[in-house]
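Below you'll find a set of structures to go through.
Both complexes below contain chain A, partnered by chain B and then by chain C.
This part shows the complex of A and B:
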């Protein structure tokens, strides 16, 4: 065996293991998922029938799916609205303010906390009987704002989105902060000499400087909003009724509660496609901008 | 470039080989395992039976775990291990996943309404001796076969604090209008929450949203009959009538400030700490109450007065639960059956029953639950068995994702009976068409 062949053999030998694992744990389940999405398997039975694209058609025709997607949209929009605020906080923390190191770790803290713990903490805070949140509103004379935070179908999604914002905004802030620190200081100095104001510096130096990070945060937002699961599942189980059901909660319930693995698999495939499509669209949007 | 192509080809070959060897390795192993089992049967080696169960009561789980260990003294070759879950929903999810992978434990616990789903995974138990002594097993046969043995039966009750009734000068209601009247009077008094509803968890509304139409229909086969109709939810049906009654209660503001905001545990605590006056639940609530309150002195119960007038008989919803079956994929069928015979033998079963604090499911073994004895001494209602829907019903209700307890939540949140029934009828008709 010559040296070259030996070298290649070693390389392929080492590559075979990770690629093999990838195929086993990623590619194979995905193929299986697609296979199940074309069947009427109930998840328990030993047999199933192929039903073509019936599950996909059913998914698009079911009101529950669209209602769930509408709830996902709310997560997306609210997180989107918060991005400017997150950037502003990052800018603030990037400046040499007193105890900025402390604030940085504080901002990041909610993201480190276990999702289940967060859900339980907020379930307690929103509690209608002796709940701290309502007690606080009462204390500061805003008892008029007291709501049935988790039981009013018109309010519940906003309550849950608030938890999601609390949990993930800090992470976004840290990402923006990292982006900000990579913007060269001399650009700001040059801008100051040219007489640019704070807003102009922000608009023409900071924002373009961190556009890559904005793109990442937007991707995380799309993916996170479409996949949001733990907060509604743990805090309301998608309720009251189906008021706070998200796409993933709906998928899980289709599979485990209503024994419809076929439909659930098709929903999972649709979710995967949605994320790919939205990410591509976003990439196009940003790619286009950079070309200009 | 050529090297690159060559490299790619080699990589692909390696991958295919790895994948193939992985697959063949897997099947080889399973055949070895099968061989092992065959041998072990011949040698009568030690066998471990896995028993999966759930219970919300930790003490009962400990009791059962210890109890089944005693089987080794009867049959030294067999060891029984309990795998426990705290809630039935977690349990169900776990065993569904295992059923999909054909890896169920040897003995599994089931609820009556899961039997049809698991019919392929369960071994028929008609030939077991203990089955003939079971009072209810035949009622739950699937396709004429007894697939699991019910361990307990119990009444669904409305609990109340006699001290509160005395303080407010209230009589135990025996009709629905009287029941509403009692709740409203407690509400008017203002000192207690009339009814403790843990609506956040959905399931605590089952005495109403699940049982009321069923008992009003006066047919134990009500759920299965629904599958034979195109529009079984509209006006004039037991469902509509039942849900109208429920709406009357949910809209009467008798369930505290925010029934949907509190869960089952919190609602229980409200009742146990006497902040709430009334709540409905199965007999299984009594041990929970006793462990938290320390005494049963201020606890009494009456049958849920579903009926409108005293002209019709007062019926009591009876539930059978904690079914045990043998997984058809178990490699130790005979050992599992022998264990079941022991488990349901009068001496062992009696201890089980006392541990569970519920009513019997077997002839010749009576339960020693003082609370139940007092209840039956004061009340002699006609018993009405809860029989779950058949496979056709389950298929349809899964297809339209029917969850009556979630409907209860929607009603508490303000959805009207007309909206609900119209929607259900439309979906039901459509699902029947697509069947």
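This part shows the complex of A and C:
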């Protein structure tokens, strides 16, 4: 077989399965999502009616959706607040300490653990009756801080965000550390010779050197915070009431619990648009500083 | 300062000039605190798993077990469907990681070595896929899986996990770029087909890159709960995650047994982590810095 003909075969043959899977399990469902979002389908019956943008209007007018989004915002803000701390820890891990390998393993461990197991461990830690977390507060003399961690609507989201921080902060630290290690050492040496101080080195060598990783972490944070799901789903089912419901929990419950596929699909489309818009915004914010 | 060029995974000890003892104390204090925060939940879980029911009622939840009782672990393992969970998780991880690696490297090979009309369109499709939200897309994917008869079979998660994504393709592309195309050409002079070139030259040279990606993918699959929960509700198809969810749903009051089940589910990932962390860190560095 000559190479020209072979080329056609190999391109088709090699790409058919990966592209087929992509289309069948990702792109086609997304197209279907747009379609369902314009209907009143309940997910079971054979027929449905097109209702135009009714679901989208309903989504914007439902308080539950906005309350859920406000919960997502809390995850976003808290993870954002942690980023400077994560960078500092990565900097320390990168150069100043003995046993940094050991501490690196420690910092990253929560991310590797099974998420279901982690959620249930914390459910027990937060237990109101003879729970370990309250016992610890008691032990260190902070019994005034004892709360109903998961059943008080004013507290529950902070309790869940804490689990999210416990699980994912270490992953960010390791990403920053990887970025730091890609910054060439001789830049620092040259700066030392030129008489630069520690802060100047941090500002003019470290930060530009890891700007790409900062961008990645910000992107992951937008995506992650908008899609928080398993922690509230496993620990509180979005409760008490709807106090800890996130956008994704709300969407999934609309579809699979209340059989409102139309509304759920429109929420999924809205989520996708939010991810695109926020990512672009962040890209603009960062792209402005250094356009290369 | 003359130091050997360090590989991306190791961090050497480089004391800063003029570092004071209280600075070190502060730094070690900070890392000590971090270690406590990380270990506290895990250790409490271990302690609880080895305590008997009455002991849990009487003693502080922070105390060590009076004697290390394996009863909870035994019950959790036998009634928690854990063996089935182990088996299904292992099958899912092994088969989908192999499929994913092969498909990802095949895609990257074609995209790097050939020019053809739809190349840009295919890249664009993979880029669009990056912004499709997970979880919520299941609303419509669920219907598709059902209509093609994959619901409640192991093939549903297998095929979902096997698909390649943009990040993986990018990382493979970087490695393929470094493989000289003269290798391909000389093989072609010997009459090798493109498939042979891929099988005998490209794929073996990509294996080191695949190893780190594969480990990360394996951890993701092992820890995923939503796809198995949604698509494989049958008891025989439980994974470690969904077996644990079911077990917790059935006995939400017996914390000793719950902690034992959690511990069983944690063990494989902790083991893999301890054994393979070098590759995990290398893989993350690849993805973050060069990806």
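Here, the second predicted complex is superposed on the first by the 286 of 292 C-alpha atoms of A that agree within 3 Å, B and C clash if a C-alpha of one lies under 4 Å from a C-alpha of the other, contacts with A are read in each partner's own complex, and residues count from 1 in each chain.
Assume a contact is a pair of C-beta atoms (placed from the backbone, for glycine too) under 8 Å apart; a residue touches a chain by one contact, two chains touch by 3 or more.
Just so it is clear, the structure is predicted and the values come from calculations on it, not from any experiment.
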- Taking the superposition as given, does A:15 touch the first partner, chain B, the second, chain C, both, or neither? both
- Message: After the superposition on A, what does A:55 contact: first (chain B), second (chain C), both or neither?
- Response: neither
- Please work out whether A:71 is in contact with chain B alone, chain C alone, both, or neither, and reply first, second, both or neither. neither
- Query: Touching A:253 in the superposition: chain B (first), chain C (second), both, neither?
  - Reply: first
- Across chain A, the partner (chain B or chain C) reaching more residues is C
- Message: Once chain A of both complexes is superposed, is A:164 in touch with chain B (first), chain C (second), both, or neither?
- Response: neither
- In the superposed arrangement, which partner chain does A:152 touch: chain B (first), chain C (second), both, or neither? first
- Is A:244 in contact with chain B, with chain C, with both, or with neither (first, second, both, neither)? neither
- Query: Which partner does A:23 contact after superposing on A: first (chain B), second (chain C), both, neither?
  - Reply: both
- Task: Check chain A for residues that touch chain B in one structure and chain C in the other, and list them.
- Result: 13, 15, 17, 19, 23-24, 43, 127, 261
- Message: So in the complex, the part of chain A that touches chain C is made up of which residues?
- Response: 1, 3, 6-7, 10-11, 13-15, 17-19, 21-30, 32-33, 36, 43, 89, 92-98, 100-101, 103-110, 112-118, 120-122, 124-125, 127, 130-132, 135-136, 139, 166, 170, 174-175, 177-179, 181-182, 185, 189, 198, 212-213, 216, 223, 226-227, 229-230, 234, 248, 251-252, 255, 261, 264-265, 267-268, 271-272, 275-276, 279
- Message: For the complex, give me every residue of chain C touching chain A.
- Response: 1, 3, 6, 8, 10-11, 13-16, 19, 24, 27-28, 30-31, 34-35, 37-42, 44-45, 48, 56-57, 60-62, 103-104, 106-107, 109-110, 114, 116, 122, 125-126, 128-129, 131-144, 159-160, 162-164, 188, 193-195, 198, 219, 222-226, 240-241, 244-245, 248, 255, 258-259, 262, 265-266, 269-270, 272-273, 277, 280-281, 284-285, 288-289
- Considering the complex alone, what residue numbers of chain B touch chain A? 7, 10-11, 14-15, 18-19, 22, 92-93, 96, 99-100, 102, 117-118, 120-121, 199-202, 256-262, 266, 270, 394, 398-399, 401, 403, 406-407, 409-410, 412-415
- Query: Contact residues on chain A for chain B in the complex?
  - Reply: 8, 12-13, 15-17, 19-20, 23-24, 42-46, 64, 126-129, 148-153, 236-237, 239-243, 253-254, 256-261
